[in-house]
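Heads up, the thing below is written out as structure tokens.
A, B, C, D, E and F label the chains in the order they appear, each numbered from 1.
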Amino acid sequence: MTSSTEFPQTVFRSGGRAATALRPTRLVPNFVATAEGSVLIEAGNTRVLCNATVEPSVPGWLRNSGKGWVTAEYSMLPRATLTRTPRESERGKIGGRTHEIQRLIGRSLRSVVDLKALGERSIILDCDVLQADGGTRTAAITGACAALALALNRLVTAGTLPKSPMKELVAATSVGIVDGNVLLDLAYEEDSQADVDMNVVMTASGGLVETQATAEREPYTRAQLGLMLDYAEAGIKELVLLQQQLLQGPA
Amino acid sequence: MTSSTEFPQTVFRSGGRAATALRPTRLVPNFVATAEGSVLIEAGNTRVLCNATVEPSVPGWLRNSGKGWVTAEYSMLPRATLTRTPRESERGKIGGRTHEIQRLIGRSLRSVVDLKALGERSIILDCDVLQADGGTRTAAITGACAALALALNRLVTAGTLPKSPMKELVAATSVGIVDGNVLLDLAYEEDSQADVDMNVVMTASGGLVETQATAEREPYTRAQLGLMLDYAEAGIKELVLLQQQLLQGPA
Amino acid sequence: MTSSTEFPQTVFRSGGRAATALRPTRLVPNFVATAEGSVLIEAGNTRVLCNATVEPSVPGWLRNSGKGWVTAEYSMLPRATLTRTPRESERGKIGGRTHEIQRLIGRSLRSVVDLKALGERSIILDCDVLQADGGTRTAAITGACAALALALNRLVTAGTLPKSPMKELVAATSVGIVDGNVLLDLAYEEDSQADVDMNVVMTASGGLVETQATAEREPYTRAQLGLMLDYAEAGIKELVLLQQQLLQGPA
Amino acid sequence: MTSSTEFPQTVFRSGGRAATALRPTRLVPNFVATAEGSVLIEAGNTRVLCNATVEPSVPGWLRNSGKGWVTAEYSMLPRATLTRTPRESERGKIGGRTHEIQRLIGRSLRSVVDLKALGERSIILDCDVLQADGGTRTAAITGACAALALALNRLVTAGTLPKSPMKELVAATSVGIVDGNVLLDLAYEEDSQADVDMNVVMTASGGLVETQATAEREPYTRAQLGLMLDYAEAGIKELVLLQQQLLQGPA
Amino acid sequence: MTSSTEFPQTVFRSGGRAATALRPTRLVPNFVATAEGSVLIEAGNTRVLCNATVEPSVPGWLRNSGKGWVTAEYSMLPRATLTRTPRESERGKIGGRTHEIQRLIGRSLRSVVDLKALGERSIILDCDVLQADGGTRTAAITGACAALALALNRLVTAGTLPKSPMKELVAATSVGIVDGNVLLDLAYEEDSQADVDMNVVMTASGGLVETQATAEREPYTRAQLGLMLDYAEAGIKELVLLQQQLLQGPA
Amino acid sequence: MTSSTEFPQTVFRSGGRAATALRPTRLVPNFVATAEGSVLIEAGNTRVLCNATVEPSVPGWLRNSGKGWVTAEYSMLPRATLTRTPRESERGKIGGRTHEIQRLIGRSLRSVVDLKALGERSIILDCDVLQADGGTRTAAITGACAALALALNRLVTAGTLPKSPMKELVAATSVGIVDGNVLLDLAYEEDSQADVDMNVVMTASGGLVETQATAEREPYTRAQLGLMLDYAEAGIKELVLLQQQLLQGPA
């Protein structure tokens, strides 16, 4: 990696997007009427349906602890991708990538929920990718946080909880290095050419929850890591604003 | 079953629907951009996403036969239902109901395709239920037929096939007996109270492809079977019109 | 389908069988000594062993409901067929066809049992095909109904139940259209050439429990459906007589 | 174990059977018409259906070796036993006992077949227990050897092989120590009380193929092992006579 | 088999080992610090790590019986063998050989434990093969018995049990016939050429627990069986001495 | 998190270890003789056996690409931990944590191998944890890199490859924040109390390959992330020295 990453002025992104720009992103509340909290997140061509389910019990190892649990499941519809991906239900097992992603989503959401205040109930966030164009796991975190907030608000409205146990919002985005340029919110095409791929999960108040930077081709430097974090922080602040708009709207 | 089924004038259905009326039904083409044919079907609160995939090979037992294959997979998102249904991928196996439904969809679609004219290629119809309120398997047939037609038309447009191997359209609906009344296109609430539950698959020209009538509580008579078929035929004719509109539109 | 189905005088069936005739059918009680009810049914070359097991518990969703449950499992020995079929236990999962059949058998039997009167116990009907020559699922229903009746009678004899919770007998047969002719009780060879394949499940008093007609090659008309039902009804009446003989014998 | 095993005069066996006597044993040829070789073996109340399948290929590791393969699969119908045993296909996996038994059957049969002379074909012996009363694995070996011989003879009759590649017959029985007495061919009730349980597989010419003696409660001595072998040898000679009768009959 | 087995003076074994000699064998206590009893057994190049776990519960069918249970699990690391063996966890199921071995280990250990005196607790012996050169199952029995003894002694030291419920030690070895010669404790190379392969499990006082002799190529005679037992008994007496040394050492 | 992380002078670690100190770490070459490369790594009480297998083929999607592949499998022996962990082979599936770890190990190793120069062969690194006390995944990377280097050197020695396709060494360690103090190379006890847990994978020349920092309890700041990276870099430099010593020794 000899090219400088400091002056990324020569990048051409689809739609004339700037290196520091998120894709057009939209959060659609109540996409299905059946779930306690439902948000469809669209980030460019990536579309993930995030549905929250409140269940009145906790996993065995939390029973009688007074604490609740938040977990996530992630899946892609077979034709979310340009080439059909066989269903994991047909293959009879969940793949490694799926496991990794749903563990990441669950961990990220638990970081902003007071599990003691939630009480002995579980919330499952089902994140189903309807269309995939890169960044599905970070979109799932951002959308699932909004769906979780809706479901918790509903527990407050119903009088089940005195106040929402969500401490603050959390959102996520990806960032990467392509041809020596740091780019925010990679689309699939960009992601497949990236030398480094990073996911950042951050709370509304700026606390880091997860930073994971992977060299796909070439190792990276501390300086590059810093620059990627700068881009990601800016993007996440924008995403939190979208979450706040949705939650102030007529849920 | 002592009450007469001939005069169903006293039925009250949600939204004032007549016993002989379909729910408001809509076919949305190209719901995802990634599939060769994509149709979202909405029948009342039931929403099924039907995506067609064209693959250049056939199952082993058809190799070198010169014939193609059409098959289907069916699944429900966990929160398609009011109570969350665990994923079949998590349980590691496909349930009996799922198998039964995807076999029915595949059989129905094959009945209207000239597999010889299709040549040695497979078309997979993925039917994923986003929201369920009864009648998901018949909605899947109606929607999948439209998605299949779009995918086949695309093969013609691309010059891969001289003409579409679809012989005619096929659609399906449910019909049942509730409190002695024959009702068309049962919603979930009605279905769960039905004494008899019937699915009918019929071609545009009126040929029967599948008739399956199941007594859930009480056996039924030949006369009742006839009446149910009358209702279903009327409903299916309407559904075929919707399919035709979609196919004449700007696909 | 241009040939008329009204005058099937030109059909030649194996053994000179008439279009309206069942294959030679025999019900052998107590084929194994280990089960609470055991019947071997032979219909031509098809042989199915039907064993009933009474268990003192019900599935979770029926606990404390005061109601019982009747269910079925269906399997073929690997060499029931001319070409060996691999075991589902070796493949590690139950196939779609098996699921569909055991759901049908269970549903059919439950339609004639007063589950409230059965009380909180389960009856499992194991239907194992020793030799297959078409019509195994309908033979299984007819044989399993007899095995179930034997098991219920034994509960009465033992004083566990005051009277049998079986409301009436139920039996089943297949019927189809081959070369334009309606034929009763298809053997494998006939079934593989059939344009339409129908299974009918009917109670002793003539109530329809399940009618399922599938177009394998060409759609069928309402008139053809009616004729197939006529044939099936006649056949099932005969089968019920065989069940009654068995139950009046020295069980 | 203080009682002497030398004078077993005080044993009372069901039906007044002597300590050295086999149960009434019968080999029924051609129990199903669908298999290349089919034998039902009845040993007392134990009934095992043994069907041979000839397949024109061998497992991967034998391809192009010029050698054939003989293997076995073993299963019990759920109600072969007094208490119902769940199907392994439902549990999704084969149990340890089943694996052990089918490996034993395969090994025993291969010991008497010239795999080179068989050529690159496989023979699968399906051993399905219809009714179980002890000794199912040894009955399976004895019955499967007869079914295998029938299938190989058929290959000779068809001109596929110049002569049968079976070098000699092989049969098996169990023997055990109950209350200090050596008993031949244990029924289930006896087996469950045995201190030592032994299976012996021997060829027609008296060569030992497998001897497996397991202390279930108390260790055993060399002298006891010798006595058990004496009993088993006598029993197996009788079983080989039954096999020879079957093979000389009108197969 | 024409060569005499009585004078095996011409055998050349790796390292000049006598036909009657065990491989250099070593028992290393406390190989891991995490288990209640841990022994690494090395027999020539075969190395098996045997770890005992004490659990405070028993399988369902022993609950409220006042009796305990001893069981074993056996596995090979992928590179225990010269050619890598895929993990059973990756294949999603335990193979037949593994089942057979772990059942044998469990049975052998239970034969020397007073399960009543153990009380309602389970001991699991994990036997993991780090390097395999023949005889892994018999090495596992010998090593697991020592690990079990250590774990039981620890229960006595902790005051949980008044005295060890182990009645005596048990050990195992293999013996076989290669080129007409009886050889003790076969290494992999020898085992793969053996005509007969035998495993013997014997208690310290000389009681036989399991004798299993399998003809891999040619049947064997009673005389050969006797000679194999002679060799095995001598080898096992030596192994018991090693176990006793370990248990008298500073555990 | 109110306490300062800059002055961690008050931390007491087991064995008086400094906050910036690795645990005593040892790399034992050729732990098994059966693998192409074998290294046992001991980091404190954590012991991981890393074995490299060279296979002459690549996964399907790399065939005819001229490129090789490096992958890893990770597993823990049941008693690597103080409480026994059931085997994944018994449960019939690989857990999410295992998938995540083996993907991380594979990715890390591939970052330092020239896959083109490796040619169409696969190297599998089996990482089996014999004893676990925190940091097993990072120990596995460090040990597996050494085992991989040994295996590649052997391919050079054998003349299969002209020079080793390993571009440089790679090693990994963990770092975390406990009670406000940054600590290097967390033992299990420390890890379970950590607010933040970070894994760093770095090449010998200081390039970052993977940085993954997870907030377990409280979010972390950019400053804390920087400090953790400082500690990790120092530790990894030391680990690379150990790898170099091993590779210069008599392999």
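Going forward, a residue touches a chain if its C-beta (ideal position, glycine included) is under 8 Å from a C-beta of that chain, and two chains touch if they have at least 3 such contacts.
It should be emphasised that the depicted structure is a prediction, and the values quoted were computed from it without experimental measurement.
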**Prompt:** Where centres are the averaged C-alpha coordinates, which chain has the largest centre distance to subunit C?
**Reply:** F
**Asked** If you average the CA atoms of subunit B and of subunit F, how far apart do the two points sit, in angstrom?
**Response** 52
**Item:** Centre-of-Cα separation between subunit F and subunit A, whole angstrom
**Value:** 27
**Request:** Let me have the rounded angstrom distance from the C-alpha centre of subunit A over to the C-alpha centre of subunit D, please.
**Result:** 60
**Message:** Can you pull out the residues of subunit B that are in contact with at least two other chains?
**Reply:** 92-94
**Item:** Successive chains around the closed ring, taking subunit C as origin and subunit D next
**Value:** C, D, E, F, A, B
**Asked** So in the complex, which bits of subunit B are touching subunit C?
**Response** 93-97, 99-100, 102-103, 107, 111, 202-203, 205, 207-215, 218-222, 225, 229
**Fill in**
In the complex, the residues of subunit C that touch subunit D are 32-35, 38, 45, 47, 49, 51, 53, 55, 73, 75, 77-82, 84, 87-90, 92-94, 124, 126, 128, 130-132
